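Could you have a look at this structure, given as structure tokens, before my questions?
Chain lettering (A, B, C, D, E, F and G) follows the sequence in which the chains are written, and residue indices restart at 1 in each chain.
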Amino acid sequence: MKKFWAIITVLLILFFLGSGLIPDLKIYKQNNLSQKTGKVYLNRTVNDDSPFKEIDKKLYGEANDVENNAANSVTSVIVDYRALDTLGEVTVLFLAITGVIALLGKSKKNNRILFEKPNYILNASSKILLPLIVLFGFYIFIHGHITPGGGFQGGTIVAASVLMMYFAQNNYKLKNNRMKVLESFSGLSFLIFGLLGIFIMGDFLQNFLELGIMGKLFSGGLIPIIYILVGLKVSAELSNVVYEFMGEE
Amino acid sequence: MINEPVLLIVIPLFAGFLIPIIYLISKKAIKYIPIIAVFYNLFVLIRLIQINSTSLSYFTTGGYKVPFGINLIFNSQIGIILFAINLLALIALIFFLKKEFHLVNSFAYTLGFIIAISAVNGMVLTGDLFNLFVFMELAAIAGYIIATHKRGYYPSFLYVIISTFGSLLFLLGTITIYNVSGTLNMASVSENLVDVSPHFIVVLSVMFIVALSSESELLPLNAWVPKVYEKTSITGSIFFGSVLSTAALFAVIKVLVLVFKGGYEYLFNSLTIIGLATLLIGEFVAFKQRNVRKIVAYSSIAQAGLIISAVSVSLKNGTITDSIFNAAMFQLLNNIFAKGLILLGVGLLGYYSFEKLKGIAGKKKFASILITIGVLSIIGMPPFAGFWSKFFLIKSLIANKMIIFVAIFLASAIFEVYYYLRFIQNMYYEEFDSKIKINQISAVSYFLMISLSFMIIYIGFNPSSVMKTISDIFTGGII
Amino acid sequence: MITYIYWLLIISGVLLAVLRIILGPKLEDRIASLDGINVIITGAIVLLASTFNNSLYLDVALIYAVLAFLETVVISRIIEKNKELK
Amino acid sequence: MTISYLIITAGIMSAIIYLVSKFNWKAGTILQTLTFLIIGYFLYHNGDYSSSQLAIFNNISLNFTYSYFNEIFLYLGISVMIIVSLFSIDGIKNYQYKPVYNFLTTLIFMSILGVFGAADFITLFIFWELMTWVSFFLISMGKKYSKKAALLFLFMSMIAAYLMITGIFLIDNAVGGITFSNLINNYGSISYSLKFKILMLFVLAGLIKGGVYPLHIWMRTSYSESPDSFTSILSGILMKFGFYLIYLIGLFFPVAFILKNNPSKLISELPSSTFFAYLAGISIIIGTIAAILQNDAKKLIAFSSVSHAGYILLAFTYGTSMAFAGGVTHILVHALTALGMFLSIGAVYFRTGTTKIDELGGLIKNMPLTFTTYLVSIISLAGIPPLFGFVSKWMIYQSLIINGSYFLAFAAFFGSIGSFMYVFRPLAGVFLGQRPKKFENVKEVPFFMKAGMLIVTILTVLFGVLPGLVLKPIISMQQSIGIEPIKASLYRLFSGLTTLDMLVVFTVFGAGFILALIIFLLFAKPTRVKQHEQYTAGEIVPELQTQPSIYHYAKNYYKPFSRIFDKFPSMEKLYKKGAEYLSSSFGVIEEFFYEESINGYIWLISITFLVIIAIRWF
Amino acid sequence: MGEIINYWTFIYGPLAIFLVGVYGLLTQKNLFKLVISINIMDLGVNLYIIALGYMDNASAPIYTAKLAVTSSRFVDPVPQALVLTSIVISVAVTAFVLALVIKNYEKYNTLDLIKIKGIEND
Amino acid sequence: MKRFVSLFIISLTTWIFFTGSFNWQELVTGIAVSIVISFVTKTYFNFNILKFDLPVRLIKYLILYLPLLIYEMIKANIHMALIVLNPKLPLNSGIVKNKTDLKNEISKLLLANSITLTPGTLTVDIDEDNLYIHTVDVDMVKDDRTITSEFEKTIKGVFE
Amino acid sequence: MIIVGKILILIGSIFLFLGGLGIFRMPDVYNRLQAGTKATTLGFMTLTLGVGFMHPSWFLKCIVIIIFIAFTNPVSSSVLAKSAYRRGVNPRKVDKK
């Protein structure tokens, strides 16, 4: 009976939410991007005098007067226009992981999954895969500003390789102190670059580097640096999680 | 010397990121980092308050102009609210490092606390809806960690579920707003949120009402409050009672003022009713409690209800600031000190139930007097700070002909006076149970309490100047 | 036109494997199906890159492949350790 | 000297008195008495009506006035304080914190000047609150349960304060200012319903302070637990603050406005005055009964205050010129008599250390002046001619008779009869009858205490014989308001029906008394019985030696009477029951909103969500 | 017709998923299932974000040489950026809350809401 | 050091494959990243590619092994397809043990993978010099070299 | 070149489909892995190669992906097979005779 009423309630909410939001969806589907912040982000014309104007020149490879030259606009938004969000987001992850470790870390020590026999094939392949996967992770977050990847994805892949090592080799142990240093280092560097922005340009996380040519690796000013730091930080954090759950004291 | 409000967010974060490294070197050394950071924060704040005027200014980040980048809003009034919040955070922090550091996982807790301060500052400062969501989540996670400090796993779970529910609704609303207004900047949302259907506004409003009620301790999402207050450490209770709740309330008010400032009568009417219901129910339930922490928790809920209803009443007609609004902000400021003082004091006595606090004033005279100052301030006894907030509130409400509001407020105030005085009576005039062990209170703790009492008395004797300093928070350069 | 055929084949392949996940009957069977699905989906992402004419999806495919591999390995090892899991 | 200067002086003097008392408490107390005297003198000397201002906080300035409507209250306050202070020169010998006590009573003096001298409501409120605070501390300096009593006092005061401040803001909002003159000038522009609200708020606040049933619950404990000399201030003046408030808002302002236009509409202008009249009647009856049942002399007087608060309220709600004057006079009467009773009981306590009637006895020989003071006070209180109390009661009865209300007349009558019952009991129990052995060597109190009591006695008699002394300012007040004043000369009072000549009354009663005395001395053949044998008729009862108090004849004095009221619900119990009931019903709310499972909360949220949307949607 | 399909995709679909999560919260008594419900809500919100950012005939907002020449339309990068942040945050919260579930289980030896509440109130 | 250089070469090569360009920026970054990764992961990597004749072998390997593998794979898949598409699902599966002479870990791994990718066989496990192989048709396996022998020669030629 | 690419993609898709079908139809986990691994790997490789032919600039990256899948897919299958074996799943013998 309770379930019945739950369904009724949920359906009613769906009705109200849906029908409340639909008419305006229509309005804004029609003139979709033109009045949105997203438009100026795409055109890199935030600080232009008429932010909503269309820029008709081809950006790629020639435009040097845009605000940042990251080919990936999503990355521009994440690491440049809304970098403060990303700082918060990185911290959320950092803190949540700290919390998880605080809650479970101690009680899970010595509970490492040790296999009676190592898996020969896995063991052998992990030795080759480890550098390659890490390399790939690095590749992802280094190219975050020109490809769809980014710090979080890259970091996840790097940490995944640590997970693989724990499952492949019984005697593998992550040097977690190094990871902690890396984590702190990258977090601090993020902030320091932000503060340098204040010192040099006047605004927190404001770019003070050359923008380069869009689509090239060395482009986008601070963006790749920040994203690499995010990648390193996430790598270190997630690796630490793996360590806490898998590692023994 | 750089004078950017963003420093208030960055400095604690910096300390937070530094802690893991320092922890590797020395486990004790991490104590000093947060203290230094918050002190520095206060220092920066004083500087910022000095150089900023009372009109609202927008600080850009990343060099992107308003409203496209993430902006922080700041003026001297916000500075003062922030100063109070950070001061309380500092007090809680000092207390934590002195007394509770060794208890559980000092590393995670210290980290959680310092990052929470950053998040709380972010919540107060940010002028961007999604950024507010991020900081709210950050503060919430810090809150979850702090809530588990004394193995209160179930309350913490409850808190997570309820708060996540709220923040998901908030996110839903934020995205919807972005979709129709094309911006996430609070102030510019309100300018672009035109030509939308009334149903849309209703749905959006309700979404925001329910979403924001979790952190601001409003019904129906405030059930976590008493549970968490009850089961956390002293530091935790101060954090929730004075630091987080104030910042969250301020953030909610900010959203209401900046985003919904004009023409959302239904939203504000509903909020007024919800706020008043929260006020009454909070006071009713507090009336029945015999545990000080629960009393403070429910009274905190009630205060939040009062503040929100007063704010929404004052915003209903589309005018941003008037005397009711200012009185509500004054109340917000006062609550920081009074609640902090009571929670700290009672925490220092070490017991929360009436049974155990019986007659404890006879053994701990000075501490009891200090607690009493906090209590008298909350119940609105002149000449303490709390009296003036009631004074200003009643005055402004009557000036706006809100007689029913005043009646409800007064009825609830009488309940409040009753149960707080019952607490005092229990503390002073009951027979002390000799089996109860009396905790020693260190000089530092006394110092912390005295400084809070001083604030209460100071405001009590300078009400109009303090009122003048924090009033009209949101006037000025709204774009 | 031929694009539709590609997608028809790939999607029906995935659906068949999904059916196996649902039907089981053993945990191992489900994991094996998942493993297969992952490869098919990786292929689909590569095909997507071709369809959208955007090389960026290749990176996505590679990320997916890496994670899929680890997923199978980790799950396999876990069920190997915890024999009671069904 | 304007009031603002006097208040500043009082404030400064409080500190000086404190310091002097620290050095030598007696000198400090004497200094206090002198201060009060001098301030009183200055007020009288520069007796022209004047107003003044005092700026305190950033933008709050205090306004004071010395005017026709408050001068009588000011003098009342100052006189009471002078007498109490005089009494205290010896009376506070046994107190623990004498310097603090002197300091606080000086502040009380200051707050009296402030409250009665205020020319606007905020000033009134500030000094009112000062008084609340100082009283709180003074009460808690008393006996064992004094702190609990102080807390109850604080709670009720807080409620009164909330009501009052709301009323003040309503006035402010209605007439655009909080000064009295502003209100008088703009009273007509206030709508009827708003007037009603304002009136109700202030009257309720006043009734709480004045201790009218059923808001009297703080009085019993506060009176019995506070230090004795403070009890006299409490009942002599502070309780009158409440009636001053009612006088101001309920009486003075309507009177000031209405009678200028239409003198006959005074009563009808007071909404729900009937309700308050009946409340007053109930207060008289309940106060009387409760007083009869008390065993502690101070509690007894406390309840008598409830009853007399009823008289004052009754007079005020009648609102005729005579009743108005009677009410004000009764304030003075009650102030004086309560002062006399508390001082004399205080004197007894000073020597014996108790106020329990059944522990005392036979002190008439040891403390004759104390006995006289008490006797004169109770006779005045009971309204027996020829003392001051008779005057005010006569005035009230006159209005009752003119307007004719059976219940109220009965209540007033019952109150008078009851007065005899309860005031006689301490008289008999404390001063007459058996004297316990331990009190055999009790001496009369020291000089200054005697002086204080003597002044009260003299004033009670003097005002009884020459009521015109106090009626004159009342008449001039009435004149300046524009009411037809009551007709009175120095010793004559004229009502519409009769004329009261107090000189004649005094002569008759005096002659009668002297006659009785002569007859007693000439013809009475008293047999002397040892004090402790009267009760047992010479029989030796063993318990008499060990527990004399159970055979004390004041024990179970009104037992048969009290049996009638055994089952009668006590208001205090009722409040307690009410609080318990609320507590349990709030438990249900707590269960519903805060003790649900997570599912329950989500239900709550979802339904709230739906309800808010749905209301607007359809 | 196309409109209706659009509405379903953009509004009702994600919202329905969101509300499936709400349904879970309304009916489930197991802590773990509650967490799953919250995650379903998360999924719904994230889909909603992506759906609102979607546009017909537009590609991922990444400039490449080819795209610059053809100048085809981009989708709005903002929702994409926000959803990434939102996902990371929800992952973080989920990790934490799962740890909490484990701790609750260790403390109360049950995952049943009602039982835990009972123990808690004792 | 040998490991480091081997790893570096592999990493850099992979990087170039990833980026698909010889732009100097990519190369510089690639070198830097490769150095870091080689340094960090060299402990787990025990494969030496620094042999003078490796290029020759590799070409040989590509010529010999790759066609073989592809051929076998196609064969395997057609075989598999026939089974899968056959309504009767003709199966006769089981696990068999086969010997190998390969010593090098990588070699054995390659062998196992090759076997898995070819007709009806799936390497389940390896121990010292035995492979446990699941086969669709156990009757096909004549002795303990049937499955391994084909690839063994090539792999041995390249890597051992 | 485009035509070759398209044909390769078609073949790849067919194999991917067959992989799915194999997973669905095979009787036990080992045989499912046989089908899943072989068919899908080859299908994937062919498809990706086809894509690489269609977009020559992507060729290198396609090769990387192919190598990666070719290397990891057998490994994962093998790991799963071994774990199934350790868990006591016996290979089913279906005798035609």
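In this text, a residue touches a chain if its C-beta (ideal position, glycine included) is under 8 Å from a C-beta of that chain, and two chains touch if they have at least 3 such contacts.
Just so you know, these numbers come straight off a predicted model, no measurement behind them.
Greatest centre-to-centre distance from chain D is found for F, with centres as Cα means.
Among the other chains, F has the CA centre that is most remote from the centre of chain B.
At the centre of the protein atoms shown, by the Cα-centroid criterion, sits B.
Look at where the CA atoms of chain A average out and do the same for chain B: the two points lie 31 Å apart.
If you average the CA atoms of chain D and of chain F, the two centres end up 105 Å from each other. Centroid to centroid, with C-alpha atoms defining each point, chain A and chain E lie 17 Å apart. The centroid of the Cα atoms in chain A and the matching centroid in chain D are 75 Å apart. Residues of chain D in contact with two or more other chains: 598, 602-603, 606, 609, 613, 617.
Shown for chain C are the residues that touch two or more other chains, namely 53, 55-56, 62, 66, 73, 77, 80.
Shared interface positions of chain F, defined as residues touching 2 or more other chains, are 14, 18, 109, 112-113, 123, 125. By the touch criterion stated above, chain C contacts chain E in their complex at residues 52-56. Taken in their complex, chain G has these residues touching chain F: 15, 18, 21-22, 25-28, 30-31, 33-35, 37-39, 41-42, 57-61, 63-64, 70-71, 74-75, 77-78, 81-82, 85, 91-96. Taken in their complex, chain G has these residues touching chain A: 68, 71-72, 75, 78-79, 82.
The touching residues of chain E, when paired with chain A in their complex, are 3, 6-7, 10-12, 15-16, 19-20, 22-23, 26-27, 52-53, 55, 60-65, 67-69, 71, 73-74, 76-82, 84-85, 88-89, 91-93, 95-96, 98-100, 102-103, 106. Those residues of chain F lying in contact with chain G across their complex are 14, 16-18, 20, 73-74, 76-77, 80-81, 83-85, 89-95, 109, 112-113, 116-118, 120-125, 134, 136, 138.
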